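Labels A, B, C and D are assigned to the chains in the order they are written; within every chain, residues are numbered from 1.
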C-alpha cells in the first residue's frame, strides 16, 4: 500500500504532518533537538514572544495537579530582538515551518511586534495569544471579550501579511462568539485551547502553591473541554482549526482531527516524553496505514454526530 | 485535648461537619447507606429534582476521561411527587439535614417546584441548579447569563422561606459576576462548581462516546478550576460558599475551606469509594486534632495570599 | 459490602483472557450467580472509576496461611480490552484490590425439573460458570458458547466437569460449528422439546437474538446486560436500560447495576 | 539522552530514604557530578510529570546476565516526600522506568591541590557522593553533613570509604554535633587555613548560609539548587532562579535545569 499522506495546509503554511509543538512547552525547538527529529513534525511554535524582554513571575511557577499541571510562567521571554539574534539562527537550520506565538499587554505592542515579525522570512506564520491582560483597560483579558479580541486581531491583521492564527482562551462562556469575532477580524486560522485558569493550595503552608496564586491548567485533565470547544468552533467557522489540550498520543490527536481540527499541538506531553510530538505524528501515520486511509484529510471533521 | 469542633452553619442549616454529598452522585442517600454512616456526614444533597418525572438522556451516559469523568445523565429523576412518596420516607429516618437540589426548564417550573418543597418539613434547604437550558429562551443556559440567573433565583426566593443555595456553573467568563447576580437576587449561599462542559470521542466508531455528544466533566481533573473559582467568589461575596470539584480526600476538602468555603461537597469520589464522604469528614477531624485547631472555622478563608 | 482483597492467582486462560482469584470475606458466599463485583484497580486516579465484572466462581480453599485454616475466595474471568483490564492483567499473587461485592440482582434458578439452557458470548461465559455450578446440582444443564474464534471460547472443560453438555459455535469455525451461537441454539430447540429456561450473557445483539428465540419458542429467558457504570449501586443513573414501559413521557429506565444486571427479557424494551 | 531503565535494586538506607540502582546505557559515564536525571515514575498520568534526582553514583558491574558480561548503572538516593517518591519506593528489581539523563551542568572540579569541602543537608548528600568519588582521586576532601536528626544523615560510611573526612551535625543532636551544619563548617574554617573550595547541596536556607560563609572567608563556592521542574531541558521556564543581574527591567533568570543545577554562588541573587 502507498504511504498515507499526512500533509495539511494551514492558510498557506504547508505542514508535512498535522503535529506541531505548543507554545511555551517546547522552548525554541533547540532544547528538544537531541530527543527527536525536528524534521519529522509539522511545525514548531515558539514560546510566547513580546516586544521587550519579559521577566515573568516569581517562583514557584509550576505545580502538578491531578492529570494535569498549572503553570504561571508569566510569559517570560527574551523579547523580539534577542529572539532574532539568539533563537532564529538555529531555527533557520531546521527544515520545518516556524510559527511565532506572540502577545502584548497593549494593543500597540501587538501591532509593533507583528510588524517586526512580518519582515522575517524565517517566520512562516504568527500565532496570536490573546489570553493576556490588557494593561490599559484595567487588566481585562483581551481573550475573554469579543470586541477586545477583534480589535487586537484586526490590528495584527493590518500589520502583517503572514498567515495569522489566533489562539483562543477557554475561560469564556461562549467560545463560538470569540471564534466568530476573531475570524471576522481577519484570523486565517484558530488554535484552541489555551490553558484553563486554576489554582493549587499548599495546606501546610496555607498558601497558594504558585507565587502568582493562579495559573493555567494544561495536560490530559483538560482534554474533554478542549475537544468540546474544537468541535463547537469547527461547526461554526470555515477557517482551519488547530486542536490543543491534553494530547498525549496519536489517538488523542486523531480525536481532535475527527472533531474538526486540521492540525494539532502537543504541549504538556513534551515534558513527559520529549519525543512526544514525533511519536504522535508517527502514530497517526501508522493509524492511517492500518486503516487504509490514504489522506489525513479524510478524517478532518469526520465525526458522525 | 478536646475533640475539635467541626460544626458549621449554612444560612441556618446546622451541619455536624462541613462534608456533604454532591447532587447526582449519591442518589437519595439510601443507595449508599450500607457503605457509610449517613449520620457521620454534614448533609445529604439529593439528585436534581424536577416538577415532573424526567427520562434523561439515551445511553451511553458516562465515560471516564483522564483524571475525571463525563456524565450526560440528562437530569433523569422521579419528579417531586414520587420523591415525596418513595424517597423522603427513608431520608426522614436519617438524622442528617437533607438539601434538595432542583431545576426547571422554565422559570415557572423552578417557582412551582420551590413552592412544593417549601411545604416539606424534612427539607432543610434548597440547592438550585441553574446549569439548565431555558427552553423558553431558545436553550440559553440560565447559569451562564447573570440576568437570567437573577430572575430564576429571585423567583425561587419569593417561593420559599427555606435556606436557598444557588449552585453555579463554571462554564462562564466571569464567575464573580454570576455570584454577585445570584446573591443580589436573594441567594443565602452559593455552591460551586457544577461540571465543566466536555466531550469524548470514540476513534474507532468516529462518534462521540456519549449519546448526548457533550457531558459534564467532574472529578480530580477539575479541582484546580474549582479551587480558583471558590477563591475568587469568596473574595467577592459575604454569603457562605460550598466548595465542590474533585474532592477525594480531607486534604482536598481543607484546601477548599482555606480558599473560603464554609462547607464542601463530595461528588465523583463517592463512585471510587462509597464511604468517601465519611472518610473525608473523619480526615478533617484528624487534621484539626493533630494540628491543635479547636474549630474548623479557624480555617475558613485562612489562605494567606 | 466493601472490602480489601488480595490477589491469589491471575492466570491467562486464553490469549487476552485472564482468570483471577481473590480473597473475600466469608459473607460473599451469599452471592447469587449473575451478581457482580466492582473492582478498584489502583488506589490512584488512573484509572478513576471502578470496573464491573461478573462473579465467575466462589468458594473456600484450605490453606495453612490463615488462622482458621481456610480462606474464602471469589473469581472473575475477564478480557483485556482497555486500560483497567490491562492493569488487572499485570497483577500478581499478593497484590491488593478494593472491591464492592456482591452487587445487583442475579439469575433466578427456576424449577429444578426444567432443563436449563445457558447461552454465552465470549467473556459472557463468566457469570454462567457460577450459574452452571448451582443449576447442575439439581437440573440438566446445556451450555451454548459462541465467539469470533476459538480463542473466545473459554473454560469449556470446567463446564463439562460440572456435567454440563456443551455446544460451541465460532464465527470463523475454528472451534465447534461455524456460525452464530444463536443459530446453533435455535437448531437445537427446533429439534428438541420439553420445558426449558434460557439464561444468556454476552454482547447486546446476541442477547437480542436470544430474546427473539425465547419469544418464538415461548420460553422463560433471563439475560444479563452490560452498561457503563460509575457507582454500581443505583445512584448515578449512568448504567440505565429501557424497561418495557419506557416512553419519553413515562420514563421507565432500569439500573443495570441495581435492578439488573439480570433481567427477565420481557421486562426490557428491545428496540 | 532518553532511555528505558530497569531497576536493579531499591533499598531503604535510613527510614524514609531509598537508594536505587538502575541500568543505564554506557554513554551515561560521561555524566559529571552534580548532573541529574528526570525519572518518569509510571507510564500513566498519575504522577504526570517526571521527577528530578541528582546522580548519586555511576559505574559498571560484572554480571552474567548481559551478553558482554557487564552492565552500566546509575544510582539515585532519594527521600520519600510525596506521591512520586512513594511510588518509586515501591519498585523492585526488574521494574521499568523511563529516564532522561544526564541533565544540567554539574560541579567544576577545580584545582587538585586545593582542599575540597562538601556541605550537604539531608538528601542533599546525594550528588555529593558522586562528586566526592571524583574529587577524592586527587584532592583532600571533607564532608559536612547536616540534618534534623540522625535519620537524615545518609551513607556516611560510604563517604568514609572514599577517604573523605566527615563532620556531622543534627538539629536535635542525635548524631554528631548539635546545631546547624553551617555552624560546624564555620567553626572548622575559622580554625583552619589554606585554600579551599566549597561545594554545597541542600535546602535553600542552608545554601544561603554557605554562600554567606564563602563570602566572608573569600572562598570559591558552588551550590546545587532545586526548583519545580516540568521539562528539565530549559524549555518551560518553570524552574528558574534569579541571576546576579536580575531586575524587573533587565530580567536575568537562570534555568536550574539547564544553566544549573550547580551554580557558582556569585552568579546568583541571594535575596
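Please note the rule applied: a residue touches a chain if its C-beta (ideal position, glycine included) is under 8 Å from a C-beta of that chain, and two chains touch if they have at least 3 such contacts.
Every value quoted in this text rests on a predicted model; they were computed, and no experiment measured them.
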item: B-C or A-C - the one linked by more C-beta pairs in contact; value: B-C
item: Remotest chain, chain B as reference, centres from CA atoms; value: D
item: Where chain C and chain D are represented by their mean Cα positions, the distance between them in whole Å; value: 54
item: Gap in Å, rounded to a whole number, between the CA centres of chain B and chain A; value: 34
item: Whole-Å gap between the CA centroids of chain A and chain C; value: 47
item: Between chain B and chain C, centroid-to-centroid distance (C-alpha), Å; value: 36
item: Shared-contact residues (touching 2 or more other chains) in chain A; value: 66-68, 219-220
item: Set of chain D residues in contact with two or more other chains; value: 45-46
item: Chain-level touch network, classified as line, ring, star, complete or other; value: complete
item: Chain A to chain C touching residues, read off their complex; value: 66-67
item: Footprint of chain B on chain D - complex, ascending; value: 45-46
item: Complex contact set, residues of chain D against chain A; value: 1-2, 40, 45-50, 98, 100, 227-241, 246-248, 250-251, 253, 258
item: Residues of chain A defined as touching chain B within the complex; value: 65-68, 70, 144, 171-174, 196-201, 203, 206-208, 213-215, 217, 219-225, 227-228, 231, 246, 251, 254-255, 258-259, 302-305
item: Chain D partner contacts - residues on chain A that touch it in the complex; value: 24-27, 31-32, 34-35, 47, 53-56, 59-64, 66-69, 71, 73, 76, 219-220, 248, 268, 270-275
